[in-house]
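To keep things simple, chains are lettered A, B, C and D as they appear, and every chain counts its residues starting from 1.
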Amino acid sequence: MKTEEKILRQAQNRNKRLDAFQRLLLFLIICLITALGTIIWIIPDDTPGLADAVVSMQEHSGVESSVTAVLLNFRGYDTLLEVMVLLLAVIGAWSLAKAPFPRQVTNTSPVQMGVVRLLVPLMFLVAAYLVWQGSHLAGGAFQGGAILGAAGVLLLVTDLPCLRAIPAQLLRIGLVLGPLLFVGVALFCLFFTGNLLGYPEETAGWLILLIEIACAISIGLTLSSLFAGGHPEYERPQSNNPTESSGNGEKP
Amino acid sequence: MNWGQWLLVSILLSSFIPGIIIFGVPEEKHRLRTGLNLCGSILKIVLILAMDTGIYFGHNFEIRLPLIPGVELLLNGDPLSALFATLSSVLWLLTTIYAVGYLEGSPNRSHFFGYFSLCVTVTIGIALAGNLITFLLFYEMLTLTTYPLIIHRGTEKSLHAGRNYLIYAFSGGAVFLFAVVALQTIIGPTDFATTGFPSSFIDTHATVLAVIFVLLIIGVGVKAALVPLHGWLPQAMVAPAPVSALLHAVAVVKAGAFGIIRIVLDVYGAQNLLLLGVLPLLGGIASITILYGSIRALQQDDLKRRLAFSTISQVSYIALGISLVDQPLAVIGGLVHLVHQGLMKITLFFCAGNLAETLGIHRISEMDGVARRMPFTMAAFSIGALGMIGIPPTVGFVSKWYLGLGGLAAGNWWVVLILAVSSLLNACYFLPILTRSWFGKQQGPWPEELYVGRFETRLMLLTPPLVTAFIVIAAGAVANAQISPLAWVRFIVRKYGL
Amino acid sequence: MITTLLYSMTGLLLFAMGFFTLIVHSHPLRKILAVNVMSTGVFLILVATAYKPLGMGQIDPVPHAMVLTGIVVSVSVTALALLLACRVQETSNLDLPGRKKQGRIPEESGQ
Amino acid sequence: MTSLQLTSPSWMIIPVILPLIAGLLSFLLNRGIFAIALTAALANLLAVSILTCQLLSYGPMRCHMGGWQPPLGITLRTDGPALLMLLMTAVTGLAITLYARGYFSYRILDPKRASQHQHQQRYFWPLWLLLLAGLNGLFLSSDIFNLYVTLELIAIAAASLAALSGKPASQLASFRYLLVNLLGSITFLLGVVFLYKSCRVLDLDLLHNVPMNKPGISAALALMSVGLLLKTALVPLHFWLPPAHANALAPVSIILSALVVKGSFYLLFRLWFEVFAQLITTPALNVMGTLGAVAILWGAIQAMRQHRLKLMIAYSTVSQLGYLFIAFPLARIDGSTQVWSIVIFMAMAHACAKSAMFMVAGTVFLHLGHDRINDLTGIRANLPITVLAYGIAGVSLMGLPPSGGFIAKWLLLSSALASSQWWWALVVIIGSLLAMTYVFRVMSRFFVIPEGYSSAKSTPPSPLLEWPALVLAMISLFLGLAASWPLYILSTGNPALAQVFSGGLP
């Protein structure tokens, strides 16, 4: 018993105190950070930046919020790829595992049910407002999408059936909707103005709003799907072997 | 492209295309395969003879393919390449016939003959190479194409031999590559020319150029089996007899020796080398190799191993002759030995293969009285062996005669001494074989009598050694005629203005 | 100026803390969190870059857009990493990668 | 349609957008996915060919996304190096697409695991197509933050692909892979932040013209380089690569080894020798060269020690990546013109040869059910084309003439010797000898035919499994013979290079 305790204590001590490697590492990191901090300190702060360029072009962008203008117009190509990154995460997640349904939460308390029932519609409303507001103030597809995603998460943890009831194919359409519409608009612009994402000036605002709405929906679904943690169970390809329960990987 | 360029390309393709087709030929269609092989090799001989004629009458064969600045592939037919190409193609035909007989009924023949053809293509490529880069290309390819032949039997022993062969050959190739690059950074493009590079470089880069020369010789010396780079050759004996013939007489060892000739005569040039003063080094190593190979050969009981060490010794005659580059007679002796050694050694290997295939004889101690069972084979063997010793009128005598004359003319008495000692040693390791086989009494049954028929062995195995043995005598007897290896070598040496 | 510097230094500090944790700790969850802390630090510096005191000119919106993009990327990667970590723990009893046990990956056939 | 004439720079976005759309569709649809993928791969090759024609006729081009000029907008650009990388990706990508089809079709035949393999195939295609889009985007982009986004796109797709086989070992390796990539990305992003703080521009062309005397830029370059080195797996940051590459499915191994590491390397190289060329000092170059030399030797020695074919090939990747870095210290001599040709050649030859090798490994695995090197006997009789492909790819890896690897090695050696830095040449030579050892260790096993082995034992595999490997191996071989063409493309629009290669071109 004594020795075991001793070993345990030693282990704890080892955990608490830093060994030589960790100290060295710490030292190196401190040096690095000091150097970087010094450099930040001495970087002159007088460079003009792109703010003026954004402001001068703002009127051609079709939106009033400068961040949205940068995000969806000036640097729309970045955002396009970024939406793809999100989708890619879902595809990667789906390829890894199936969603662990039903979740552990089997007996949701009535209070939680009630709160969720109240909150979720409100969140939808807020999300819609954020997307709409994005064109002239802070807000936009990502913010709206995040709220939608949060609503999805709430629905998932409360084990309400409504999210799981979405057929897999529909879910996929929803996930792809934003990116596909984004690419579609981009190509549409390419076709008409010769520039990818070069919106015609008069319709720019509307096109951006369209993209934002679609993207917000997709982002909301994406975040919920990521939280669900895998592909929907029923979406698995039909197996000839009924005993095989897992779509991928092997049982340990 | 003019007809000369087409000729060069078709010389290469005449064995390359059959080789590629043979890879796809099903195992059991041996007639098709044999037909392809023979057509290819006869066509190749015809084409090469055409090229020889063209070269004799002064036509310039040249084809260039620039890859990047400073690196171009250059095929070039000059008298020297004609010598090697003719030798290889003639011996290839004979070896092919022999191999068809030898491998009758054994598995994986498509692979074997495929690689065999590729190997000859590559050897001819070495002969035709017009600069060091092209030479390097084919030199490395030769390693690649002979490797599958060496490990053809797929046994652990052959794999081991193959691995060692690769290590030796690629290490040599790597050294060679390094040296070629280094040489190019100093003198620019390394096209073969009869005078070598301009001697102005000697003034500025003497030491570096001497080091590069040593590296180049090491690179090709691996294949030429110069001591101490010879280790792979005796091990490679595990390969089938036709492959041994290929290694020793047609392709690999010859490619190394040919490389030494090219480097000395065409890359550096006689004058530059005399200025650099590195030739005694080459001569010394060649002499050591000659003696070492002979002494080691004495100790071997395995017939093929004895022949292998004999090759190590004999090929260095070429290097020895070339190292006396200021003496035309010695150069003639060295160059002509390229051909003569090939003829003699291939005869010996054919015969050794016959003994192994027909009676299962692998050791010299098993050979008592074998000449009564296989008189023709042993007659051919005897001619080859006598040639190796240097008995007139065989070709071996011609080579040694010229080498000796060259040595005397240079006042190098040690060359004559080496020749005499080596001939004595040759006699010591060949004559016992001859006496055993002709005058010995058969001791019990043969180890493994595999063939009983009308002739002493299969006709396809018997004919090639007889033909080569005949050439060994004939070429020696008519050495002074208008058409003979010696005459051609004289033509070469005239071109170099020595 | 001071504000910007304060935010930047905090960001750097977060980056350093995350980096240290990432290397020292072997638990996958800690590693994922550490990477998150690191990226938060970077975002903080980026946001601080855009900051301009009132009346000193327009706030630069480009870093804001960049931070938004960065956050989205970070969310995606975190989700994927968490899932992978879960899968690894579910399907195997292997030691997770760490400095002490060096998480040797067994040389089993991989397909 | 006036906007899409041949002279229009908008063609440039096709290699990015097309695989993106194909990726979305292949995720959305349930049928005809392979047709979509194949179409995308073919169209990608076509588009890249058009871009090449464009480059050769009109010189380097720039395409401003949305019509916004830098510094505000994002610019894509084509030039010689970018196009050669695109071509490499397109050709290898097409071969990978075909091979993957053959691979999955073969595996689905196995009734016990059919659903698992179908699942893998289902997700392989969208991930692969999006990865392809990311790679193309990376090669084309001229905006430092956009490059970060493409790097992330590649990293996520690659990590998901690496975990696709579902085996615990591969998932663990993939987790590590993801973390390392993430660390690399974040470090890169921190570099971008420093850069933006100092210069307030993101466009590479504008950055090139910014005065380089600020410490912030040096710090930014250092941070970005460390991040990219981590992703490129230069020794000693290579620890994650072999398990990730060796444990993945065969098509995935090909993608990771042949293309993904090239992406981050290409970016690193561009930053060093184009954008921030003024900042680079000789000690820095020598450090990179030394690391490269260590990588060559260490990777090769590790490759020789492996017992599994795929691990051996993965370590060979570590070794071959070293050659890319050993070119760094040779750059100073010729004013960094030669170094481009060395690196691009090496990258292309390696991509083709390494893809062929991994394809061979995959086919052998399918055929035998394992890839233990000692038990690979008898393959020659059943898979002659595969063995041939392995041999040719090996020749290229060893750098024997006339392969593309030889040309690259030749350039390396000659610039090393011309600048009297013979020790690099020595490392290159020793590296090729070590490569010979590990390539032929496997080759000799292929040649052994065990006792009682009948060649008619098994059915020949689908041509999709064998021919892409052979074709890629052939390309890597003939890259050397047709070396003047890539160099010609490389030198287009680059006056310094054009001068160097003016001799000896068609």
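Here is the rule we go by: a residue touches a chain if its C-beta (ideal position, glycine included) is under 8 Å from a C-beta of that chain, and two chains touch if they have at least 3 such contacts.
It should be emphasised that the depicted structure is a prediction, and the values quoted were computed from it without experimental measurement.
Centrality by C-alpha centroid: the chain sitting nearest the overall protein C-alpha mean is D. The distance from the centre of chain A to the centre of chain D, each centre being the mean of the chain's C-alpha atoms, comes to 29 Å.
Chain C has its Cα centroid 15 Å from the Cα centroid of chain A. Chain B and chain D have Cα centroids lying 43 Å from one another.
For chain A, the set of residues touching two or more other chains reads 36, 40, 49-50, 54, 75, 78, 82, 85, 88-89, 92, 96, 249-250, 252.
Shared interface positions of chain D, defined as residues touching 2 or more other chains, are 145, 149, 152, 156, 159-160, 163, 166-168, 171, 197, 200.
Counting partners per residue, chain C has 15, 19, 45, 60, 62, 69, 73, 76-77, 80, 84, 87, 91-92 as the residues that reach two or more other chains. Contacting chain pairs (ordered by label): A-C, A-D, B-D, C-D. Chain A makes touch with chain C in their complex at residues 21-22, 25-26, 29-30, 32-33, 36-37, 40-41, 45, 49-52, 54-55, 66-67, 69-71, 75, 78-79, 82, 85-86, 88-89, 92-93, 96-97, 142, 223, 226-227, 229-230, 249-252. Within the complex formed with chain B, the residues of chain D that make contact are 341, 380-381, 384, 391, 395, 398, 400-402, 407, 409-411, 413-414, 417-418, 425-426, 429-430, 432-433, 436-437, 440, 444, 447-449, 480-481, 483-484, 487, 500-501, 503-505.
Those residues of chain D whose C-beta lies close enough to touch chain C in the complex are 145, 149, 152, 155-156, 159-160, 163, 165-176, 178-179, 182-183, 185-186, 189-190, 193, 196-197, 200, 202, 243, 246-250, 307-308, 310-311, 362, 365, 370-371. If you check the complex, the residues on chain A that touch chain D are 35-36, 39-40, 42-44, 47-50, 53-54, 57, 73-78, 80-82, 84-85, 87-89, 91-92, 94-96, 169, 172-173, 175-176, 179-180, 183, 186-187, 189-191, 193-199, 236-241, 244, 247-250, 252. Touching chain A in their complex are the following residues of chain D: 1-4, 8, 10, 13, 17, 20-21, 23-24, 27-28, 30, 63-68, 71-74, 111-112, 114-116, 118-120, 122-123, 126-127, 130, 133-134, 137, 143, 145-146, 149-150, 152-153, 156-157, 159-160, 163-164, 166-168, 171, 194, 197-201, 214-216, 219.
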